[in-house]
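Taking it in order: structure first as structure tokens, then the write-up.
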Amino acid sequence: MSDTTSGDHTHGSALEEFRTFRERMNAEILGENNLVINRFFALDGRAYEAGALDVKTKELLGLVASLVLRCDDCVTYHLVRCAEEGVARDALFETLSIGLIVGGSIVIPHLRRAIDRWSELEPVRADS
Amino acid sequence: MSDTTSGDHTHGSALEEFRTFRERMNAEILGENNLVINRFFALDGRAYEAGALDVKTKELLGLVASLVLRCDDCVTYHLVRCAEEGVARDALFETLSIGLIVGGSIVIPHLRRAIDRWSELEPVRADS
Amino acid sequence: MSDTTSGDHTHGSALEEFRTFRERMNAEILGENNLVINRFFALDGRAYEAGALDVKTKELLGLVASLVLRCDDCVTYHLVRCAEEGVARDALFETLSIGLIVGGSIVIPHLRRAIDRWSELEPVRADS
Amino acid sequence: MSDTTSGDHTHGSALEEFRTFRERMNAEILGENNLVINRFFALDGRAYEAGALDVKTKELLGLVASLVLRCDDCVTYHLVRCAEEGVARDALFETLSIGLIVGGSIVIPHLRRAIDRWSELEPVRADS
Amino acid sequence: MSDTTSGDHTHGSALEEFRTFRERMNAEILGENNLVINRFFALDGRAYEAGALDVKTKELLGLVASLVLRCDDCVTYHLVRCAEEGVARDALFETLSIGLIVGGSIVIPHLRRAIDRWSELEPVRADS
Amino acid sequence: MSDTTSGDHTHGSALEEFRTFRERMNAEILGENNLVINRFFALDGRAYEAGALDVKTKELLGLVASLVLRCDDCVTYHLVRCAEEGVARDALFETLSIGLIVGGSIVIPHLRRAIDRWSELEPVRADS
């Protein structure tokens, strides 16, 4: 899982697998045209748009909420967005530390996987 | 868990793996003869039997409860039962939409996996 | 809600207090005009409208989801709606029994308060 | 819940109110004769009976599980049982400390209420 | 509950009651000198100190984590701190909206109580 | 038992994978020197040291807390520690049965995986 990232798909297989599955299933879900689900998905996107708070802060809020609720996929999603928004490694760790204090040791396995994901994302950030 | 999957894997490997592991471990757990655990397993079965509410409605109740508590295996189990009871795709999506509204975006990754499982189950239903 | 509360407080003060506080705070929240919150509140209403599943079934789904997530106010809200939709006492208990089996003994205190609320609601139903 | 509290309220009103409400509602729930609910209540009692583990240890297990799931009434119930079984104050605090580490700061408000309840219970223990 | 607070204790009774109980029980808990609990309490304070992220952002993180975990007392505590740090009403609502989207309608009763608390806190802020 | 992994993979790959990933990520996390996280990790270890309660009892408390919070990795960690402390199979099942009663059927998939892990651990115990 670690020394992956060969040739072309630079971003690591776990992350790629997450993205591919996420996109495929979102398409299938939205294609069903269930009004409540489709509006919720749209609203989910709106919640993180810039307003009184900037996008970076909102992504950190989404990240810590996902961490204490212990949802790996949600954490991964917000880590990707945090990387895109240029969140620094120390700011990331401080955010995760608040999630750890609030949520307790039960959060640790998710913290491990979060840092593992982040390691896949940092090279991407360095490129951008 | 591995040596399962006979002939054609019509029903999908994820579902087969779930079933095989579930049956093997249930047998091992019940074989221990812990009175509380064994009675709980029996009671778990009774809860979904027909009464004032029919079986189909009860399975939808089990499904939405499993979804908001975000347990993939429990969701899978109730999806299998819903397919067996002939739940239609639109009724399924409406049930899941209530789980999504009640439980929030944290439910979405489980929703994706639920729909992925359902795709494996629908051909089975079509046969029956 | 307000136009209730006739002479004697037949319907119980706990229920009245819930309704009054709920309406006052909903008004204050919606008055802020936060787009995401206001749309979510609207969507929350849509999720329980009749579709492939009827309103009564959807309210039972909302009830069991609220019970396993152990939210007293949410349980109270869906109990009120179940009473309005004419859910019978045995159907109610079967729904709650599924919540109890799925959620475990941790659900019991909420089950007690649910039944206490239901006792306030049944005379209302008898009137209607 | 109201017509409780006899003579001196030595044991504290919060604890008395909990006990009275619990007994009244349990009676109403069991009186409905829903098979699944009634069997679950019976099984709930069996789980804490002496076996390979003694009753005191089992009550500590029930206490820590209730604390991390953040159910005040469940915590109160197990505190009463722990007091009856003669659990010492330092053993109690060590049990709660594990709940705090596992569950995080979100547990603290429940920890406060637990210690407040325990203060009502200790004089009872001293009497017995 | 609304038009309370006459004369001296301007900040509202619900908030005052929370503070008094919190301080009294914290003193009793820390007085027990359980090493794990006392160190956890100290660490809990450290997590919100300024670092790569400023104090205001960290309090918003603590707030959203508390909201999705649905702990009223934790929400109240962070609301008090947010008021002290000068968080504006629109920034507060955006933070809560993320909690609502992530956590779902189950969060709404806690959202109502949060806004009710905030109304008690805003006059305090205006004074400072 | 920790520095295991002899020639043949008798102890099962799932357990080994858990250990390797856990150690690698813990090292990376602690290497970041975030004060809050590092102190939390240290405190997490202290919580299970012998005091008024012995280590074995504390590990059972950690196990049941992990089970009702449904964290597979946390359950696995405490199972490993329980095996090291010589917890017997019937005591283990009684602990898990309390977790099942408190947490409900949603716990069952984690119970299955727990027993599967325990089967990998028992030969280790027999050796020691």
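By letter and in written order, the chains are A, B, C, D, E and F; residue numbering begins at 1 in each of them.
The rule is short, and it goes like this: a contact is a pair of C-beta atoms (placed from the backbone, for glycine too) under 8 Å apart; a residue touches a chain by one contact, two chains touch by 3 or more.
Treat the numbers as computed from the prediction; the structure is a model and nothing was measured.
Interface note: chain D and chain E, two copies of one sequence, contact each other through mostly non-matching residue numbers (shared numbers fall below half of all numbers used). Note on chain B versus chain D: their Cα superposition corresponds to a rotation of 180 degrees, in steps of 5.
In this assembly, the C-alpha centroid of chain B lies 39 Å from the C-alpha centroid of chain E.
Mean C-alpha positions place chain A and chain F at a centre distance of 27 Å. For chain D, residues touching at least two other chains, in rising order: 36, 40, 43-44, 47, 65-66, 68-69, 74, 90, 94, 97-98, 100-103, 105-106.
Residues of chain B touching chain D in their complex: 35-36, 39-40, 43, 46-47. Chain contact summary for the complex, chain C toward chain D: residues 70, 89-90, 93-94, 96-98, 100-101, 105-106, 108-109, 111-113, 115-116, 119.
Those residues of chain F that touch chain D in the complex are listed here as 43-44, 47-48, 51-53, 57-58, 60-62, 64-69, 74, 88, 90-91, 94-95, 97-99, 101-103.
Taken in their complex, chain F has these residues touching chain C: 68, 100-107.
Residues 21-22, 24-26, 28-29, 32, 34, 36-37, 40-41, 44, 65-66, 69, 71-74 of chain C are the ones touching chain E in the complex.
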